[in-house]
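Below you'll find the structure, written out as structure tokens, and then a few comments.
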């Protein structure tokens, strides 16, 4: 965390206050260690989008064993339309706990959805990774509890690279290949028909997988300004990065219209896969796939840039005090519970948790002992310390997600990068006017 | 036994009783009309004059016609209107023609008629989201549909990834889904045409195809128009495939009004603007249905 | 020529009849062939869906397209077991329940509305007909957004009632029934009135039996609309267990995993029920919309 984030954060808080966000003035939840389990049964609604419902229910079952008077009902929210559907749920008014994609923290705050967790977890702050805390803290207020923080890197198919006679990239953390090398190798693979696709990205039109390209070329993360409400997605870095990205698809190196890209790599249909640790279970499931991993690439003349941030849990600012306290107990157990909280209850957890204790349990998972994933931990640690860039912390997060996804999708399907980004920039300005 | 005094018009008390009973029978439908159409439409119109940040504790702000003016000044809105109308102009005639052809074909003297009709109806039996998922996979650039087209030496398309192909793909999806349903209505209509007309035409030496155009078509035109109206309104509110497959793209080529409204409401958090657009859609649909009904009332129907 | 002319008249007729029969058989064969071809075209996505439901999802997403695209290499029920372990049975039940109740109550409503609009006479009837059918021809999805706040305030959000109510009225169903009521000869009504019959009896004992096919038809229209409804349930239902089958398909989409195989199995199950019904009842359904059918 650097001090350059302090000034926008202060202005952000002022903005939240002037927009009347409920969370800024609401009653805060007391320190979670002083809270006791309710005497009468309380039922909470948990809206989530990170993991499938069966696994969430498994985690909840473990929690309910410890706290029999708190019942939690989990409801899956389709990830494809997460913001819209979550908005519809809040309009119904029965949300108590919900999953938050960290960059949306400010955006949800301005809608009054997040209860202030500063006091509740004041004693436990120190246990959480600082980078994770940073994205969940808006002007010193902890608005949600980050439980997972991961990053992306490069998977490559060894069989395909062998077939076209290309040397494997370095296995040492920090020695990143260049995007230019990746593209050239992908070209060779497709031309030699060694694989159907040259490279696939985990979710092709998601901002999360694309902004490192722009950051590497110095384009920033797309939002600037004191109030973090000045869009800047059409600067030189962004246009060059997304133009390069779109060309991958235009040249046939990456497939248009394919969404289950991890599966494609697992089937051996792609030479490279740019994804995260959460893709490794499905990829490693194929015992016959000869693959390995390396540090996330950067542009030859650019900087190292990798993704950061992850999922957090929030407590609804609109829920009753009784429910908020019960929810706080759930959050507390989730991350700080005995034997590793949610990790112990969900052996299939596929992203790195945010405390030392839970991480220890996480790395014991045999999936990550797979020799093909050698070097995983060093890579994640190096990237977190050297190249992680945080995503914009703007109150206009919902509009940003919607418009950027559309722009990236259009560029993938052949639209001109400059034109598309210019028009997206203008649309963002218009959409954010109401916050200014 | 009471003897009526005149054959024309009934005595006042009986007529009032009839009117009262009629209104009583209509009461549930009218109540639902109020609840499910008038009240929400009214609410939408009222809310369209405000602007707000969702969930904020500040009250919504009155802006009068500003939402509408902003909408009319937004080229994206006009694009959405144009796209919606273009889609309607493409998909509805196509659906009608195919449904009519199938209805005609499957009322010929065939073997296993029941089987063909069921197969034609199968697409309607699929929930729309299911159709969406299936077509989303089948219509990929290297997907099954393009491969089959290539095998038949026909040109493929980018379908949902292509600026022009996306609209075409949605037209195909909608047609495939709805054709079987409308076909059933048209089969019924065709079977309603009395044999005598066909016999007369046959005596005049008309072949089967000619009979269709001179006898069948004119006599089912009322039902045909009615089915066309129903199909039009259904296509105006098409949402699931747009939301799941194209998100209004590529480059806004499938940004239909319904999708634009929901996006504005939730993702872009502008409920006032969204409801203004919704009011406009409501009016647009009303006008369309009205026009088609006017046409309907002027047509001859099968005896 | 001379040989034919030399035949007896009845033999001549027999010969002509055989030729006609052969031509008719040929036409019938051609038409059946066309029907087969077109039906297969229609069925292609469906065949693929069935295949995908019964095989491991990895096989469905192979990059190559060949015969195995339409026939599973490995048959498995894992998608179905996954669907039901996720609670799909509840969603299926909700769909069946909501559709059934909507069709039943909605048909009653349509009858109650269509009868006065067709058979009874009272001032403002024609205008009212236009208003009613017109208003209900506009699908309620158009007003879905403000409708959610209406239902919210009535405390009906996230209930099965909220799913049923908007599906109770359908412009097509009312219009269709009214057409049938209109086609019953006026004399029936006049005779009954002369006998001093009450309106309820006229409707129940005289008209309803005559329009029974249309009642079935209206039920089918309402049922299909509810079975496939998507936008409204996704907005008004927050509880996954109260959700209908059609929307539950999309609930397998989470950030880290998307299980398409599950979706295929669920789509297949949801398509099976109406498909079976139509196969059994397509003749009835067609007749139910036809005025001359069933008579």
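Order as written gives the chain letters A, B and C; numbering starts at 1 within each chain.
Going forward, a contact is a pair of C-beta atoms (placed from the backbone, for glycine too) under 8 Å apart; a residue touches a chain by one contact, two chains touch by 3 or more.
A quick note: this is a predicted structure, and the numbers were derived from the prediction, not measured.
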Between A-B and B-C, the pair joined by more C-beta contacts: B-C
Remotest chain, subunit C as reference, centres from CA atoms: A
Separation of mean Cα positions, subunit C and subunit A [Å, integer]: 43
Whole-Å gap between the CA centroids of subunit B and subunit C: 15
Inter-chain centre distance, subunit A versus subunit B - centres from mean C-alpha coordinates, in Å: 40
Residues within subunit A bordering two or more other chains: 80, 85, 88, 91, 196
Multi-partner residues of subunit B (at least 2 other chains): 142-143, 244, 262
Junction residues of subunit C - those touching two or more other chains: 61, 63, 149, 250, 260
Subunit A-touching residues of subunit B, taken from the complex the two chains share: 51, 53-58, 76, 139-143, 158-163, 243-244, 247-251, 262-263, 266-270
Residue ranges of subunit C in contact with subunit B within the complex: 24, 27-28, 31-32, 34-36, 38-39, 42-46, 48-49, 60-61, 63, 65, 69, 109, 112-113, 115-117, 120-123, 125, 128, 130-132, 134-143, 145-147, 149-150, 165-166, 168-169, 171-172, 174-175, 193-196, 199, 224, 227-228, 230-231, 245-247, 249-250, 260, 263-264, 266-267, 270-275, 278-279, 282-283, 285-293
Complex contact set, residues of subunit B against subunit C: 1-2, 4, 10, 15, 18-19, 21-23, 25-26, 28-30, 32-33, 35-41, 43-44, 47, 102, 105-106, 108-112, 114-131, 133-135, 137-138, 142-144, 147-148, 176, 179-181, 184-185, 187-189, 191-192, 194, 208, 226, 229-230, 233-234, 236-237, 239-240, 244, 258, 261-262, 265, 271, 274-275, 278, 281-282, 285-286, 289-290, 293, 302
In the complex, subunit A residues that touch subunit C: 45, 47-54, 73-76, 78-80, 85, 88-89, 91-94, 101, 196-197, 259-260, 263-264, 266-267, 269, 278, 282, 311, 350-351
Of all residues in subunit A, those that touch subunit B in their complex: 19-22, 80-81, 83-85, 87-88, 90-91, 110-113, 196, 255-258, 318, 398-399, 401-402, 405-406, 409-410, 412-415, 420, 427, 431, 434-435
